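Letters are used for the chains, namely A, B and C, taken in the order the chains are written, and counting of residues starts over at 1 for each.
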Amino acid sequence: MFKSLLYKEWIKLRLYWLLLFVVNVAFCGFLCLRLRHVFRVNEAVAVWSNWIFKGYLFYRICEYVPLLLGVVLGCLQFFPETLSKRLRLVLHLPLGESRAASIHLVAGLLMLAAVYLPGLALIAGISAFYFPPDFQSNLLLTYTPWLLGGFAAYLLTAFTVLEPTWRLRVVYLLFSAALLRLFFMEDFYNSYLRVMLSLAICTSLLFVFPLLSTHRFGKGYGS
Amino acid sequence: MNPVIECRNLVHYFGAKPALKDVSWKVQPGRVCGLLGRNGAGKTTTINILNSFLTPTSGQCLLLGEDAHRLSPAVKARIGYLIEGHIQYGFFNVHQLERFYAPFYERWDPTIYFHLMSKLDISPKQHVATMSCGQRSQVALGLVLAQNPDLIIFDDYSMGLDPGYRRLFVEVIRDYAADGKRTILLTSHIIQDLEHLIEDCIIYQRGKVLIDMEAKRLIADFRKYSFDTKGDFKDFSDDSRNLRVERGEKRSAIYGFLKPEEARAELGKLGVPAGNNFQQENISLEDMFIALTGKY
Amino acid sequence: MKTFARTLLFASGVILLAHYLPAGYWLLSAKMRRPPIVYYSCTEKQFMFFRYTNQTAIRMDAHGKVYEREEFERILPIDHWMQLLRDGKLPDTVGGVALTAEALRRERLSFRIKPTMIDTPSVNLTPLLDADTGRVRLEMPEDFMRLGATIEFIHAQTNVVEREKSALFQRAFAEAGFVFPATVLGGNPSTMKPYDEGYYVADATGATFHLRQLRGKPDIHRVSSLASAEDKPKWEALKPIYFHVQEQDTREVHAIIVDKSNQAWFAVGKNYRLVPIPLQHYDPARMSLVVRGDLINRLISATGEDSVEAVVLNRDYGLVDRYTEPLVPRAATPAGKLARAIFPFTLRFEDVSTGYLGVFTEVGSRIALLVNGGLLVLMLVWLGSRKQLRLSRLPDLLAVAIGGIYGVALVFLLPKAD
């Protein structure tokens, strides 16, 4: 049953996933080219001085990319389920409502991870070429809240889209915006160091919110 | 014998508007039951409650002995449900659909599904979203039947279907139910299709059960008597006695569970002069339905 | 699951409202509140102030006398020497000290230490300039230093460790008695300065070392071994948490050091004289330290939310005068009192004390507790009147009990229990 639901989500989303994958890899690839360009036209020590010491986050243009990808995937995955109340097909299957919804979310999270990780690997790879390990770990730790923000955005999008009433969708939209802003308060490397674990735990707890929306959908709220 | 479907004192309000007013009925095992009613009578509300997509304001539904809102996965596997509009996943083709659903059902038998698919003029990789309404209906039907369920609920199976597909549906359902081992509940607006299909008939009127009886008995006992129109009188209806009188320009009629003399007596009570040519007419199930529920 | 999800939703909602509602409140109600800028008049021998009140600025002394701008500038000749020079009003001497433009320019000291400088994320890579290249101007080196469990130099162009140089410095550190890992590092990795002081480093035992690079060679010494007999025990007892290095033309101050006991020190002169800054209420986590030195005095002020304290030292770092003034913290203003009454608690994720994000809480006043209690009672009555007082509404009631108005808003905004 787990495989079947994963199969369904894969068939539904595979072309979109491919598009998102290509967009993210292309974007990160573009960033790598820019980084290479900067090191070719400037002295390395000047770049290090500006970027390492003064805290210029050269990949700040990536900041909201994971969030956008999470929102887009969440919409692509769950809007079709709400059209003509197709979610009823899943809720009618012989497995628990929470389990069914959870498997959908796991599928989405896996696909999202599969979009993020190659891009992250590209950035990590090119950074390893130009910067020492200390700085790479700073880069990755600085990127992590944005990545968590992407997963959070996906879960909050599912939460909002699956909610059957428009009034609460608006409330959840505001709630999501308020919560997601907390992932993007960084202005220097490692600002989130002391709260990273809490942030990761909070992100994982967001998993239950779409289950609540699914439950409300199944109960016929908004009908 | 325990009923397969049981609704007990269902009451539901949408805001302040009542949709169901203390509805109770049962469907026994092996029966094909038609749930009929005009738009807004409460059929879809009842179906949604049965499928736990709606929580009633009060009352309870049981399916195969379990509370419909707390069905175990084992019982869910024994219930097939065809959603209104034959909703299915448009991004699948027929093979992918079968591959998706099969692992959920222990009794899955794809024979009838692929048999129905072979009759459709579709290519193997064609997505459901690109099929016609009729083709989609066959896909949805095939998937439900392949589950080998003990109970099937068809929510307005005829929606959007041309006569050919509607006929196909009726024939498949009839063949499927022939062994008496399956229980079927169906709703539809095309009453003439159901006349030779359903064994039990439940008719809703304004959120209440108007009729709950065997279809045979309804057809045998509910009669129409027509007569020449004489004098001026208004149309009359009494839901509690399933009685209706309609005035026509030339011919008028009285409907009800009435023998001829009872019909004349009712007309007399109502002060309606029974004109010449008082005779019983054969009427279809659709005529009975309209007579019972009205045209407006 | 649905109860857990709903409870979590309420909890998240309370946290978010506790952050955003007070922020919105202050966005609407904040007024200009700047602490006074403190000066010391070397002619009048008294403190002078530039105060901000109601969007205007007033110049006054400690007795409350208000001054016009020209008079204020005359009383503070060294702080306004450029204007006075232009106007032809600069005195020739003050206290026997000649006031020449060249001397005034050269003998300026200016430091500012903010709390976020002390506790802030950093990248463990920094350039160690060569202090003695023989060139007039300082140049950025081609490598960056990584000082932690060991010392290494990484060439920026190739991103490869320079093994020889690293080994050379590692040996020098060992010979100087440095115990790895390094715990605190302070320096000024910029070429825009008159000379290079190098870095001050605390080792694993808390001992302070001075590190420079001279013509490619390491120059590292335990500072206490270079200090005078009088200062040596002070250096040995010092447990630094922050070194502030900012090279200035006077070359007088090596560094300002903040230690674990919230004491700030000047390290000055050839023998690394360690001079305590005699502030009585300095809290490095919550106060900015500003040092302004001139030909005659050193004025050090520590400014926080609820007080400003200033001390004046002479050229020999002897105490001349001190001043303390309580400030009205935001929480004590009318708007602050109202906020503390209506918001049972406030959450912030940034704070003046640190460059790291965290969770910083401010609790409301007792009135807020009463408000919470009142709201809870009203909520119980309201739910009771609608026959909705059941166990599934417990998250709602908890949210009101703990979150007060936050909880009340959420009860109406969020989905009701089944």
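Assume a residue touches a chain if its C-beta (ideal position, glycine included) is under 8 Å from a C-beta of that chain, and two chains touch if they have at least 3 such contacts.
Just so you know, these numbers come straight off a predicted model, no measurement behind them.
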item: Chain whose average C-alpha position is farthest from subunit A's own; value: B
item: Chain nearest the global centroid, as defined over all protein CA atoms shown; value: A
item: Pair of chains whose C-beta contact count is the highest in the structure; value: A-C
item: Rounded Å distance between subunit A and subunit C, as computed from the means of their C-alpha atoms; value: 35
item: Distance between chain centroids, defined by C-alpha means - subunit B, subunit C (Å); value: 77
item: Averaged-CA centre spacing for the pair subunit B and subunit A, given as whole angstrom; value: 46
item: Subunit B, residues touching no fewer than two other chains; value: 55
item: Of all residues in subunit C, the ones touching two or more other chains; value: 418
item: Touching two or more other chains - residues of subunit A; value: 219
item: Complex contacts: residues of subunit A adjacent to subunit B; value: 1, 3-4, 7-8, 11-12, 80, 84-86, 88-89, 91-96, 218-220, 223
item: Complex contact set, residues of subunit C against subunit A; value: 1-2, 4-6, 8-9, 12-13, 16, 19-20, 120-127, 140-144, 146, 154, 156-157, 159, 189, 349-350, 355-359, 413-415, 418
item: Subunit A to subunit C touching residues, read off their complex; value: 43-49, 52-53, 55, 98, 129-132, 134-135, 138, 168, 171, 175, 178-179, 182, 185-186, 188-195, 198, 205, 208-209, 211-212, 215-216, 219, 221
item: Contact set on subunit B toward subunit A in their complex; value: 14, 48, 51-55, 73-74, 76-77, 79, 81, 83, 85, 87-92, 96, 99-105
